[in-house]
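In what follows, structures are represented as structure tokens.
Across the two complexes that follow, subunit A remains constant while its partner is subunit B and subsequently subunit C.
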Partner chain A sequence: MDKLLEILQDLKPGVDFALEDDLIEDGILSSLEIMTLVVELCSEFGIEISPLDIVPENFKSARAMHALITRLRDED
Partner chain B sequence: MKNILEYLEASAKYYPEKAAFTDESTEITYRLAVNKAMAIGSSLASLGVRNAPVAVLMDNCADSLVAYFGVVYSGNFYVVIDAKMPSDRINVIFETLRPVAVLTDRKHEEKALGLKFGGRIFIYEDSSSCPIDYPKMNEIRMRAIDTDPLYALFTSGSTGVPKGAVICHRSVIAYAEWIQETFGIDESTQFGSQTPFYFSMSVLDIFSTIKAGCTLHILPKKFFSFPVRLLQYMNEKHVDTIYWVPSALSIISNLKALDYVPLPELKRVLFAGEVMPTKQLNYWISKLPGVLFANLYGPTEITDICTYYVVDRKFADDEALPIGRACSNCDVIVIKDDGTEAAPGEEGELCVRGSFLALGYYNNPEKTSQVFVQNPLNPHYPELIYKTGDLVRYNERGELIYITRTDFQIKRMGYRIELGEIETAVGSMDCIKACACVFDDQNDRIVLVYQGDVGDEAVREVIKAKLPEYMHPNRLVQVDSMPLNSNGKIDRNRLKSSYHTL
Partner chain C sequence: MAYNSYLYIVVFLGLTLLLYYAVPKRFRWIILLLASWVFYYLSSGNLIIYLLISTASVYICGLWLGRIIESYENAKASVPREERKAFSDRTARRKKLVVFLALLVNFGLLAFLKYSNFFADNANTISKLLNLNVLIRSRRITLPLGISFYTLMAASYIIDVYRGKCRADKNPARIALFLSFFPHIVEGPFGRYDHLAGQLYEGHPFSYRELTFGAQLIIWGLFKKIVIADRVNIVVKNIFANPQAYSGLFVILGVLFFTLQIYAEFSGAMDIVTGSAQMFGISLAKNFERPFFSRSVAEFWRRWHMTLGAWLRDYILYSVSLSKWFMKLSKFIKSRLRSGAGKTLPTIIPLFLVWLFCGLWHGASWKYVLYGMYYYAIMAAGMLFEPLFSRLCSALRINREGRLFRALQLVRTFILVNIGMLIFRAPQTGTAFSMLRSVFTGFNLGVLTNGALLKLGMDIHDYYVIAVGCVIMLVVSLLQEKGVSLRERIAEKNIAVRWCIYFAAIFAVIIFGAYGAGYNPVDFIYAQF
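Moving on, here comes the complex of A and B:
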């Protein structure tokens, strides 16, 4: 989780990612940022995120992203 | 044909019950669009002015399109204001524009009330249900000519003051004719519109839709983060034509989203606004055999586009796409530094002549005369050309190749950004001693380097209040002293190459 927060802070400084729980509807993360994030998460955590998993529910908060990463790691 | 409302009215006559514009929650038929727009026009006619600017402050939705036509019915021209833009920057635009009115909706009424301008505020929900004053509408139309202004779009300016390019009816009519005949747009076309209406690319979608009597579907912005959802939405709407910025196309191709959701109804893929990465295009082509792909090129100041290239051969991933040839009823010339025409293969600045040219920048004769100039190849009678500031050359096939910008202006996600405008915003803070913005094109990052007794937090606050999000720097770097070159100027080359070590 710490590593994830670090990546998020680096991508978009000035947002409290630990607290924000609707990054998508609140328009905090742009489409380009989400794409950048997908690439970084894959390389940092050694996972593969299928486009079918790139849906608002999995990216709306740091917690949701963490759950996605954990699930994809377990599937490996 | 002298007014674009003739397109809308003809389509309303032939296809009254057909959807003209849709968004996620609304669908507006041609008949309703004309009725509501005439009601708005009648309401705005009480201003008693013509050819004056009316700012429209609404979200990018189906109703906002009706609002624009409403302004045109009143005999004035519309100025699309991004509703998400900070009020400070809208006020800067208003200082130049001095709008006679702001047309907004209930949702943005409060924001409109907080803006600095001397004109009246009209509310869309009220104005669009006003009684239509047919004699007044007729009287306004009788006096209209095709060189009357239709809209103005504001782009970022190098001195920190945004410039508003004013486009007349004639330009859009000439442009729409070219689009329709070149790409075969007809009443069955279904546009999937990506670009916001304050961006010149949307002119293609809007005006070819009303000319052909087809349908424009506004694609919800949030879906561009989630390509699978986006593609499903496009299929639901039977979208067959898209005109997007390459960054948007790349979102789909980076994820290979077409492997999961094919687009069987798609017929045309047009793009412009920035350089299309060939690798991304090749993915699209491989998934959509038989679909037309075209690279369009042009700035806001010539309506939208002046040259285009329909992809007719294979390109390697590291090979650049040409920007092609001039559109019908538009001419381009390549001028060298010495004012003479470049020979084939020689580099020069791309200049445009013809009906697509804007009338100039609103209330800004100085900036206008810098780029709208007498054609240096024609000393015989007055003839303006627009200097794009882009360096190009012809290849051996007679196609134009884009090389680079001649100045510091950058493009990011299709938005034109003058770094000077960011510097102006930050430099306006009392505690800032010096600041400079550079674009790290390797990493696609805007970097702001500043000197002053203040922290990143405070600088970011000011940026947030003054600039739209796409202009926000990705990196802030605080320095004790600004590196200078031998002329005593800020050493921008050094900042660019080594900002991370400062």
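Moving on, here comes the complex of A and C:
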């Protein structure tokens, strides 16, 4: 989780990602930023994110992203 | 058959609605499919064959894909552990081959019908430059109605089956209806199979509310198209047909009016088609969300022609960005560039393909390529310089969420979008540049008072109608931006008030519409793609 928060902070400084729980609906992360994040997550965590995983539910908060990473690692 | 014609609204839509609700629910899809094919045949004649080829190709390839996926799922458990990877790779290759075949048929037809002359012209230019004695003759090709729209929808279905987002449909009628549904085949919105196919196929019960809400949307769309867009078309046509004769404020007016025209017309068309579908109880995807309230060009494209943007994102950006070879390239870039660029470049590179495709999708000419590249350059620069700009704002203590800053962002986006519109509307690439230059070289405020603006094809009353029309559109947009649903509000009023509003809207279109003597019928711009 710490590594994920670090990546998020780096992508968008000044946002409290530990607390924010609707990054998409609140307009904090745009679709292009999510794409940058997806590439970053794949490379940092060695996971394969498919287009079907790129849905608001998986990226609405740091917790949701962490759950996605954990699921994809387990599936691997 | 234009969506703003009496033939469509009164005869075609009216008759289809009557038949739809007259037959039992389980047969209602037949009425929709027949109506869609009749609509297509009346507009495009024998060119319907291309639509049928696309339908058949994705239906067959979808079934083929479905079988591959099914046999993989059934056999997976029985395959020895050490052979599973090879088995999975083999299946993936077979799936890719089927998708490739389906895309080859569909994009092959699109390339042949829409782009073959463009390719031939460019090949001839290269041949001439290299002194080769090769000449490819251009052909007169009539483009089937809506081919740029249904091809992308056909591709989305087959890719969705490949990705496992939806199962292959065994019912060819459902696929045929999904691709040919008459309200969306001419200029979208791009529907997705999982959202739309079921809705189209199931028979909807009659609903007075859906019928009246749909009718209201159609009237609103007609107002935007006939009262506003078709009226300013006269000025736009005059200025863009003789660009060398105009400069300064004339060019600014021409571009502003074109932006107004294309917005009123395209969003108006979306209102008409969404309203038409709603009358059958069918909900189409939203294509516009008040784009001129955007604070950046990227946001503008999330709110303008939204279903095209979503298609490009889901099927080009994701396909390239998440592919294995691109992931390797991203890692390489990141290892070489430790700065912020190392993180943004992996998104910026595939965006090039997205905007190249977007430009070419709009038309087969270099002008549209430039149009795409213009937006690509703005977005790429925005992403690359964002960290620098952010630091600069912090150092200067500029509040980026402050009212003034937000207002400046709106104005900046509006100007950039209008330059994009100039490229889009100019007859040629070079003309776009010369018109842009002439804004500064021939600027003269005197034209505002010397009556020159009244010699462009619109009299003072036309300007008044446009001004009032714009104020109405702005007020509606502001209310929608605040979350007010006008149709819900109207529905809450008593019957007398409600019908006064309906009649006022209908008469506004009839009285102030730019049609009849002095006006030429104007085709929908996006219907020509």
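Rule of thumb we're sticking to: the second predicted complex is superposed on the first by the 76 of 76 C-alpha atoms of A that agree within 3 Å, B and C clash if a C-alpha of one lies under 4 Å from a C-alpha of the other, contacts with A are read in each partner's own complex, and residues count from 1 in each chain.
In this text, a contact is a pair of C-beta atoms (placed from the backbone, for glycine too) under 8 Å apart; a residue touches a chain by one contact, two chains touch by 3 or more.
Since we're looking at a predicted model, the values are computed, not measured.
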item	value
Partner chain in contact with A:Ala18 - subunit B first, subunit C second, else both or neither	neither
Which superposed partner A:Ser43 touches (first subunit B, second subunit C, both, neither)	second
Touched partner set for A:Ser31, first subunit B, second subunit C, both or neither	both
Partner chain in contact with A:Val55 - subunit B first, subunit C second, else both or neither	first
Which superposed partner A:Ala67 touches (first subunit B, second subunit C, both, neither)	neither
Residues of subunit A at both interfaces, subunit B in one complex, subunit C in the other	13, 30-32, 35, 38-39, 50-52, 54
Contacting residues of subunit B [partner subunit A, same complex]	221-222, 224-229, 247-248, 251, 254-257, 259-260, 413, 456-457, 460, 469, 476
Subunit A residues within the subunit B interface of the complex	13-14, 24-25, 27, 29-32, 34-35, 38-39, 50-52, 54-56, 59
Parts of subunit C lying in touch with subunit A, wherever the complex brings them together	163-165, 298-299, 302, 313-314, 317-319, 321-322, 327, 330-331, 334, 343-344, 346-347, 351, 379, 383, 390
Subunit A residues touching subunit C - in the complex, by the definition given at the top	10-11, 13, 30-32, 35-36, 38-40, 42-43, 48-52, 54
